[in-house]
């Protein structure tokens, strides 16, 4: 699966492209555990003004059989670079694509954007596989989301 | 709906004006998720002394059909600039106006003001749509509110 | 009610004096919400040695009909300035006085003192109105109090 | 001189008004020393768009005979609230007004604004009384200004 | 009880000595509340190598009738200075001694040591009085202990 | 058991070697309590590229009869230095080895790696002994894992 | 000059384009003062691999007659978005373009990039107008540059 | 000289009282060195309103023959507790009293007060013994004072 | 020159190997400017005990004709991984190798190591090309080195 | 020289003992460079009250022929553990002993103690070898010492 890691000539996609995502097999399928990706280099375009937007994206998931390969995830996130979409849509689309790719037990995506006009926007979505205990976990985590908003002063 | 974003000549309202708020349609209505606005540039007037007050306001909500457009939210918050109201009332009014605008599943508003006479005031209110599971979430979040007050030393 | 806010000649009480506390009417009685006061300028005297003590006091409450006016709260807290009492007693007394004044649904008081002899003391007490759901909230909040003590290194 | 401090009915000017500034006499004229004002509640309007701007302003000076009274300084800074001017002009105007008011030996004014379009602007100006050693100090301080720009990430 | 506070000639014990601990009577026995001691000046000896160890110790408890006097607590903690014991044992012994002294409703002790060989050790123990609701609280607090380990980089 | 602590000539293993781990007997077996190891000096090799990886590893456990000796833990973690394995596998292997060594009641392992290609990966796994109440604790802690991802900006 | 500020339909250049820069006239030409731009949203492409690079750029200058308009500066920096160039070259080019545009008395540009392969690169260049005292200032500031490198741990 | 350190019954002066200051002899008179006192528990009264003021005071000096004893310094600073004086005057008076007491080679006093009306005031004064090289040092330190004002946001 | 950047099969040297270093030509030779490398992933071995050491290394230099390529620098620093040398020697050797490689105008190397036995060691060395003004800069920077040691508490 | 590093049975001295200090030969005598020791685990006794004192000690020096071995430095600093001496004397004695041991070109010692009675004391002394350029450096560093006292709030 790992065609990208260690490969020489990486092609960077010029627009949103979920097909660059690759997976590998989870070696610890007998255990539920979390993997988090910290992605402070996310950038997309405002679909109305064309102005670049910037965010740090946190992706956490519990794998089942397939796991997303991190270099392909990097390429996938880079593919938003010249793609226009709203903040909320970017986060939902990322989560939808990773669900389709990996069929994880649980996943959540949190984007923290820089401000425009003095206000910044932080969308958060999550998902637990239906008819498993992770469906209830998703609800619990959503209902408890961010009781302590971080201090933001735009500097 | 989006008359403001990308528009040239923005009119800034001269006093409290909820009519500037605009909405757009939630594209992910099949999923409950959170959107947070960080607003460190809130200012209003003390209704007794006329002295300006300053706060950082955090607004988090779970959309149903309508979502508040962020540039209109900016204008709305700016409309408090020359408006006199107590801290607690500002936060409750903001939440009431956003409920009337969007009919969200859940919303919370937390204002963190700068001190006067050595004491600062931080009102927090929330709301879950009655007769949905979000009503219970509102109660749970309120009952667990701010168990860890942030360090404040007035500097 | 608001005799102090905006008044010219404030009298600063020379010893502990709960009678300076004033209230005003809660305009949002249909909603349970929190108000927090951050008070980093609290000082009292050690009843044994007479040495000044210093603390940051955090007061959070859920109002019912009456709310404490913040300038009167300032005067009240200043009235401990030349009053001798132990750390734990100061915090309990403040809470008792505010309960007597406002009859709130819920209240908690947390004092964080500077060290003497290398050790600092942080008392925390709370209260939920008996025979309401806030009585159970008080117990839940007490039982979950401060699972993550803040880093203190005396510098 | 101190007509404002302790006065009951403060009038808040409705536009830029340097006439509200008041002074008192320096009691330590035999010694050169610094006084700094930290002013995190500065706000003005963009002269082109009418949008509110926000800054923290740091004012440091070495008094000669007259010193600015801090409550009048507060009113003066509040008078920019509904006044339209560019960031650089606000800082230069504040310094010019304080020079005219106090004739200080030395003064500097540094504004740190919140970002618009992802960029924030921090103007800094200073002044040393001509033909004194403070003229050279002003040059030295300007030439060494801000070798270590603070970390800014717009959050 | 308070023979130490304000006394002139304090004797510092030369080895581990729980007999220096003193108590006073809780004036608020009708209310369950927390008292926390922050103790960043704890030091003991490694029982194998004799090398000094250093920790910050956090002690939180809910008093019943007796409360530990803080100056005696200081002397008690200082008595570990030339005493050899492992990290885990120190924390358990401190808790055992304070239980024997005060018979508290609840108590917890958390030591955060400096590293040896690149690794630091943080033991945490707690206790709720058997056959009271605090026994269950102790279990709940233990089972939720430290879900967010603080950042440690040995600098 | 403690052959390493205080010994002169420590042999550093040249590749992954769980046999260096040593234990000692828990002196407080009548009490469930936590011990955490902070390990900011973990390094391994990428199995594909051979490039060194770096992480801070946090290990927390509740001992039963045997406890891992910290100097042997240091040697064990150092044995990954020239060993090639993926981030997720390293964390799962460490936990498996410590379970085999100590048969603890509960254990969790959290690795926080430095970024490659702008993304960093943080695996977290845990374990509660089957058919004890710690099995349920493991599930609760996993389902509540990391609701507040730390700020990561790659600097 | 200010064709961009407040204009409706901003065109975002698709590659490096210094022609978007605009200026306005300095109203305080009788005084030397500093203006700093904090730009945390800079991104370009690696000219070898095509991989996006990210930096925070700090630009400080002392204006003479012309000053750069901040919205045009934003567009100019955005024009690097799909442009391939090395870190050091980007910073030198930005400074060269701003010198050509404004003919400032003094200017400095400092880029702080995110790491690749565990190492991050921070180029710094500066310029003082030849045959003025700012030429010597440039040398002094360069020779004293960054005696206290900020803490960087790649997280 | 050391009548206070270790003494039992400390008398706390009820108003400003420099006579409580005591000295001891410098054992290292052959070497010029600095001693700094960090004093975060300073409080005085506003001479106009009677409102308490709070500051952290930093005192640094180079001793000659006499050094101030720290417990007497504590009592001296506490004597401002019920004393009314302006911020600038308190700092100058403290420095004058310590010069009279110790005749130091060099001394500086910096007070950092909490805000009133949104503005905080930080006076700084210093002194070098006339006709020594410390006189020039005082001038150099004054002329370079606080080129990097600390971030203050009133929280 | 750039054989490594973008190449597929990187060979990681198994011991200290300065021959992996590569250079490219400085495109801005007409201007003196700084380039800094932040390297938080440095590790070597203690030559006496064989125990791994860890440091963050900061390298700053002013290029003349040749500049070190960053991926080759990464490989070079990784070559210390299984190499035994004292802290001070590592830093001096790195600087010597980079001088031999690039013949820079100026260079400095600062290593900040993690503690052993409670003490951490931070060597700093620098170099200015003889008989240029950078020789004097090196002396000035050395003589002013680290007047403000960063806070270190081993956690 | 290195009898201690790697040795098995370290003897910890029971009182102040400079004879435990050991040296090794500087391998880079042709270059002046700095070595800093960060020592956050320093503790001594108050000579009047016997109460333990705690400090972080920073030692920076420029070696000539001999360098102090860090494990012997650790033992030396530990020898103050049961030794009574004032803060200022401890710092001067440490510097005197290291001068006698190494005859360095330059050395400075800065102790930062925890507070007693609300005040903390930070002595700083330095030394440059007479009749070398380091004598002048010592004076320059002393005269510029600590223009920016760190924030201390006793928590």
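Order as written gives the chain letters A, B, C, D, E, F, G, H, I and J; numbering starts at 1 within each chain.
Following the convention adopted for this analysis, a residue touches a chain if its C-beta (ideal position, glycine included) is under 8 Å from a C-beta of that chain, and two chains touch if they have at least 3 such contacts.
No experiment lies behind these values; they were computed from the predicted model shown.
Separation of chain D from chain G in touch steps, taking the shortest path, is 1. One copy, chain D, sits rotated relative to the other, chain I; on C-alpha atoms the angle is 145 degrees to the nearest 5. Looking at A-G and D-H side by side, the one with more C-beta contacts is D-H. Separation between the centroids of chain E and chain J, computed from CA atoms only, is 31 Å.
Computed centre separation for the pair chain B/chain G is 36 angstrom, with centres defined by C-alpha atoms.
In whole angstrom, the spacing between the mean C-alpha positions of chain A and chain J is 50. Separating the centre of chain B from that of chain E, both taken as means of CA atoms, is a distance of 43 Å. Shown for chain A are the residues in touch with two or more other chains, namely 6, 38, 40-41, 49, 51-52, 54, 114-118, 120, 144-146, 148, 150, 152-155. Within the complex, the chain B residues that touch chain A are 2, 5-6, 26-28, 31-41, 56, 58, 60, 67, 70-71, 73-74, 77, 110, 133, 137, 140-141, 144-146, 148, 150.
Within the complex formed with chain E, the residues of chain I that make contact are 51-52, 54, 112, 114-118, 120, 150, 152-155. Contact residues on chain B toward chain C in their complex (touch as defined above): 48-49, 88-89, 91-92, 115-127, 142-149, 151-154. Residues of chain J touching chain E in their complex: 10, 12, 38, 40-41, 43, 49-52, 54, 78, 81-82, 114, 155.
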